[in-house]
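Just below sit the structures, each encoded as structure tokens.
Next come two complexes built around subunit A: one with subunit B, the other with subunit C.
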Partner chain A sequence: MPAHAYVPEINALLCGLFVLSAFGMVIVRQVAACLSLFIVQSALLAASAFLLGSDPFSWHLFAVGCVTVISKPILIPWVLRRLVPREVYAVREISQALDAPAALLLALGLALVGVSLGARLAHAEPLQAPQNVVVGFASLLVGALVLAVRREAVPQVLGILAMENAAFLAGIAIAPDFPLIAELAIAFDVPLLAFIVAVLTRAVYRRVGSTAVAELTMLREHTP
Partner chain B sequence: MILFAAVAAPIVAALWCALPRSERAAPYVVASALTASLGLAMWIAAQTLARGSVVAIADWVRVDAFSALILLGIATVTCSAAWYSVGYIAHLRPTPRRLRVYYANFALFVASMLAIAVCVEPGLAWIAVELTTLLSVLLVSFTDTREALEAAWKYMIITLLGATVAVLGVLVLFWAQHAAGGAPFTYAGLAHDAPHMNPTLVAAAFGLLLIGFGAKIGLFPMHTWLPDAHSQAPAPVCAMLSGVETTAVFYVLLRLLALFQAVPRLHADSWFAAFGAASLIAAALLIVQTHDLKRLFAFSTVEHMGIIALAASLGTFSGNLGVVWQILAHAITKSVCFYAAGIVTLVAGTTEFAKLRGLQQRIPLAGSVLLAASLAIAGAPPFAVFLSELAIVIAAVSAGKVWIACVVVLFVGIAFAGTIAKIGGVLFGRERSDVHANDAPPLCTAVCVAAAVPILVLGLWIPTGLGMLIARAASVMAAP
Partner chain C sequence: MSIATALGLNLLQLAFVAGLAPLFRGIAARWRENIQFKRGPSIWQPYRDLRKFFAKEYRYAESATWVSRFAPYAVCLSPLLVTLLIPVLTDFPLFGAFAGDMLAAGFILGIGSFFLTLAAVDGGVPYGAMGASRTRMVGFLAEPVLIVILFAVSFVANSTIPYVVQQQWLSPPTHFFSPAHVLILFAFFMLIIAETGRLPVDNPSGHFELAMIDESKVLDFSGAPYALLLWGSAMKTTVLCVIFTNVLFAPWGLASTPSAGAVCAAILIVFLKIAILLALLVIVETSVSKLRLFRIAEYLGAAFVVAVTAMIAAVLAS
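Let's turn to the complex of A and B:
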């Protein structure tokens, strides 16, 4: 158990803000705001990793925190802003599959399901930070909703990256000594993902004239 | 060292492709590197037969009979796909830069698949699986049409969604084993610690991994990216995606199956059987109603993943033998199907059945291969897939699971009828005059014919070494 009582309290606060940022990504209507919320969420993930890694000390969690700070709040937004056309980030409404109140209600329902699943797992074995598992599962499902309701390319991918943040938020609590996977994944996979997404989004924009990927519906089984 | 060399050969070729003005040599450099990888994979397979396993880094990078067989399958298909690409991609006349990007991506994609086979630590295997998606997205969108971009986007989103779910499964699995203490976090270590692991955590990991990797494998209902990606990607890319990428990811699940089977009340076998039967049934019905040649072969991949899942659910040695044999037979046969479909695309400019008639007269050699490969993949004797499916049916009856045998026989029969009726329409009858016709690149036809030889040979005769490797792989599957 941690020697300092403030560690679990601050970590609980970080987790609360983390799940709020996931809700924010469901309802904000601008691509730029969605990206900003992702940056905030990634910073919260890094902060939780540093906090849990400080007491008791874990260099694995410090490494996760360091690569998260470099790759997610800095590198990914830089790649996305540099390669995706500027017009995409211009202030404009995003057309969504669901309106904001309906999406928020659905997000609440999914979060409850996630909390229930996460709580069941969190009590299966003793943990230093069970709230990370509960919030991780809730945010994973809310992130999947971001992916489902968004029609634009960048917010859809931010939904996947938010899911990955949620998985690693749970991961730093349940597998703090996991050799290499989190560090390698965040350091190499995630920036590569951002690069590939940006290149593909650019190609979609050039070919289709927008990045509304939900409107790409030419491929389906059809009657000749 | 030899394991690193097999994976490094395509990486070196990719670095070559990154050099300016390398576009002329790039196709041959990549094809030669993958030929070298195939030679190394054969050497590794021989070594595993002689010594049981080849170890590069204990508990991290190691190959046994099962992984050697997967490595061999990947190396065989990717080598033929590289040589086929030389003719196919040149025919599409890409810009020099696009050509270099294609071959660099191609080689890195192959390296990521080979890495799946050599990694025994599930976390590393997951990273390799995620890399296969990231490195193949731009191959799917290579033609840069609106349809190809749509297919690539759908492929990327669905498979990355799956990978994100799967990483949580890997983390939960690590937690479960860490709490139980003991063996290293490898396939063998997990199977060793299975009786002491918390069943709730293992059940959660199983669910997350089945859904996560299931999306990449193409199990129903997560299969929707497959027909779109395969209808739009260049034929050699389809051959790799369908022939070996799906089974390379399935391999990771199969390595973990012994762990899941050891956990009481999890009923991993029943889940495998349910997903397998659903995939087989859905694919057979989709094959009957599809209107596109490459989509037909994509649905056929869903069908075969379903058959592999059903065979794995038997949990017996003969069932495992069927799994291993089916993985290999499917890999070599499906790649030839896509090579032949690629020639049809180049010659007729379309893969829609409504626009394809009487192509046998125009492309007699490739047409004959298309017919033979279609018969083979549909399960007709005397080809390799027939033997593996027969082995699975016999294994199901022997295990007392007659319903699995009945489902396989009935729906493979439906898929067979649908496939042959549609391929017959493409090849025979009067040729349509409104379809523009080009000549097939000779190299594509040559690779197509050469790659078809093993389909027939392995249906009639299994070399002793390969037979031993398959039998050992089936044993390793049960007790890693």
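Let's turn to the complex of A and C:
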């Protein structure tokens, strides 16, 4: 059997693991575990880009893969680790708007909605990798849920970044010949976002002593 | 293939499961200690335990009814019935192959644990009733996972007969790497851990009655009935391992002809495959800690999500 016969299957497998890591980000209890799941998800995205770029060969997708490898699994975690105080990662139970089973069921429902939407879109046009579009849509909605149910600054940022990952996963299947300038722009944009939020989180932590969003609803006087 | 050979092979499968189940338990116990740099008990220890308990006198509680007397037989016979439905050594169907599918296998195993649960309450020991209610909690959370896994399997293989499903992953090899298959493996592995009462769901080597789930149900039994319960639970673990390895995880290496050589090779290969799975289980068991009771719902919820994802993947692929 020729090697490229395995490409769709392995790509589908990467997509399956991608959506699983999105589910994981909804329920894991530690900030550090949430960050490692984001790293895994980004690595899966890069692997999918390399795989789709190898057959038929596409420079654009290889460029996307390289940019992703450098920015998401390496640069962003480094920025977040470096700037956000260590104590934030030591939080063992992230406060959540919903308890874990309820959040999980909601995530499942959203994923099903995403799958049915994505499947319609994927079959409207013959695509090389329709799974990417379907999984991208599902993970996009699950990422939005991460943003909604988590009440801690860093996991919320990771939720935004997970949504961005999901949009990218769908994007490389819909438009493999994306202009390189757009890819580079996003590659600079996203670490910048992480940088700004990390600096903000650091400042908030210094002031308030916590980054749990629920505790930041009250106004308080400045005490030097 | 004559009827005599088929019957002989069926009996051989039963003998494989019944005879080697204590050995598998012994190997797992030994490795669990070895991995922590302890020497551990001999791998033959479960056989010695069985001999000892069969020779001992036994008593039932005064309040015990026929349920307590019947439960050990149900626990012991239900894995043996399932053995008739699944490919243990051969990849061609034997007697009983089409008598029931994987759902039936799940239900037959369920009969055993149903009677064990009743017997735990029957004896009147307070710990038994507590363990019984906890087992039911784990059980009813594990049930939907099993059913969704079977849905996914039937989407992929168009059947839930174990012999047919086993052929599905053999050819072509791309099927083996399909996302549905890999996710089914994940979910089933998590289910085995929950069903056989291992960490992180239950600690089988714990001695603290308040924290027990599985062990507390057999506190009231002694002698031969207790031996039957021990043997039955070892066989249940073995049967689940056989379903996992031969039907889902590594469908290779089964005898495809009824010749003596092929069957002997199959015995060896299946033994090795189960040993590898046990090593994997031991590694998982020593690297995680026990979950709080109400976190088990989250663990099985995660297994459920994996199973549903597998089903979505199977539907998308078709």
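Here is the rule we use: the second predicted complex is superposed on the first by the 208 of 224 C-alpha atoms of A that agree within 3 Å, B and C clash if a C-alpha of one lies under 4 Å from a C-alpha of the other, contacts with A are read in each partner's own complex, and residues count from 1 in each chain.
Quick note on the criterion: a contact is a pair of C-beta atoms (placed from the backbone, for glycine too) under 8 Å apart; a residue touches a chain by one contact, two chains touch by 3 or more.
A quick note: this is a predicted structure, and the numbers were derived from the prediction, not measured.
Clash-free side-by-side placement of subunit B and subunit C is the outcome of superposition onto subunit A.
When the shared chain is aligned, subunit C comes close enough to touch A:100, but subunit B does not.
Between subunit B and subunit C, B contacts the larger number of subunit A residues.
Of the two partner chains placed by superposition, only subunit B is touched by A:199; subunit C is not. Shared-chain residue A:163: touches subunit B; no touch with subunit C.
In the superposed pair of complexes, A:112 makes contact with subunit C only, with no contact to subunit B.
Applying the stated contact rule after C-alpha superposition, one finds that A:19 touches subunit C and leaves subunit B untouched.
When both complexes are overlaid on chain A, the residue A:171 reaches subunit B alone and has no touch with subunit C.
Per the superposed model, the minimal spacing between any CA atom of subunit B and any CA atom of subunit C is 20 Å. Within the complex formed with subunit A, the subunit C residues making contact are 172-174, 177-180, 182-183, 297-298, 301-302, 304-306, 308-310, 312-313, 316-317. Of all the residues in subunit A, the ones that touch subunit B in their complex are 117, 120-121, 124-125, 136, 140, 144, 147, 153, 156-157, 160, 163-164, 167-168, 170-171, 174-175, 177-181, 184-185, 188-189, 192-193, 196-197, 199-200, 203-204, 207-208, 213, 216-219, 221-224.
Per the touch definition, subunit A reaches subunit C in the complex via residues 1, 5-6, 9-10, 12-13, 15-17, 19-20, 23-24, 27, 100-101, 104-105, 107-108, 111-112, 115, 119, 130-131, 134, 138.
Interface residues of subunit B, counted against subunit A in their complex, comprise 121, 123-124, 126-127, 130-131, 134, 137-138, 141, 144-147, 149-154, 156-157, 160-161, 164-165, 167-168, 170-172, 174-176, 178-179, 185, 198, 200-201, 204, 227-228, 231-232, 286, 289-291, 295, 352-354.
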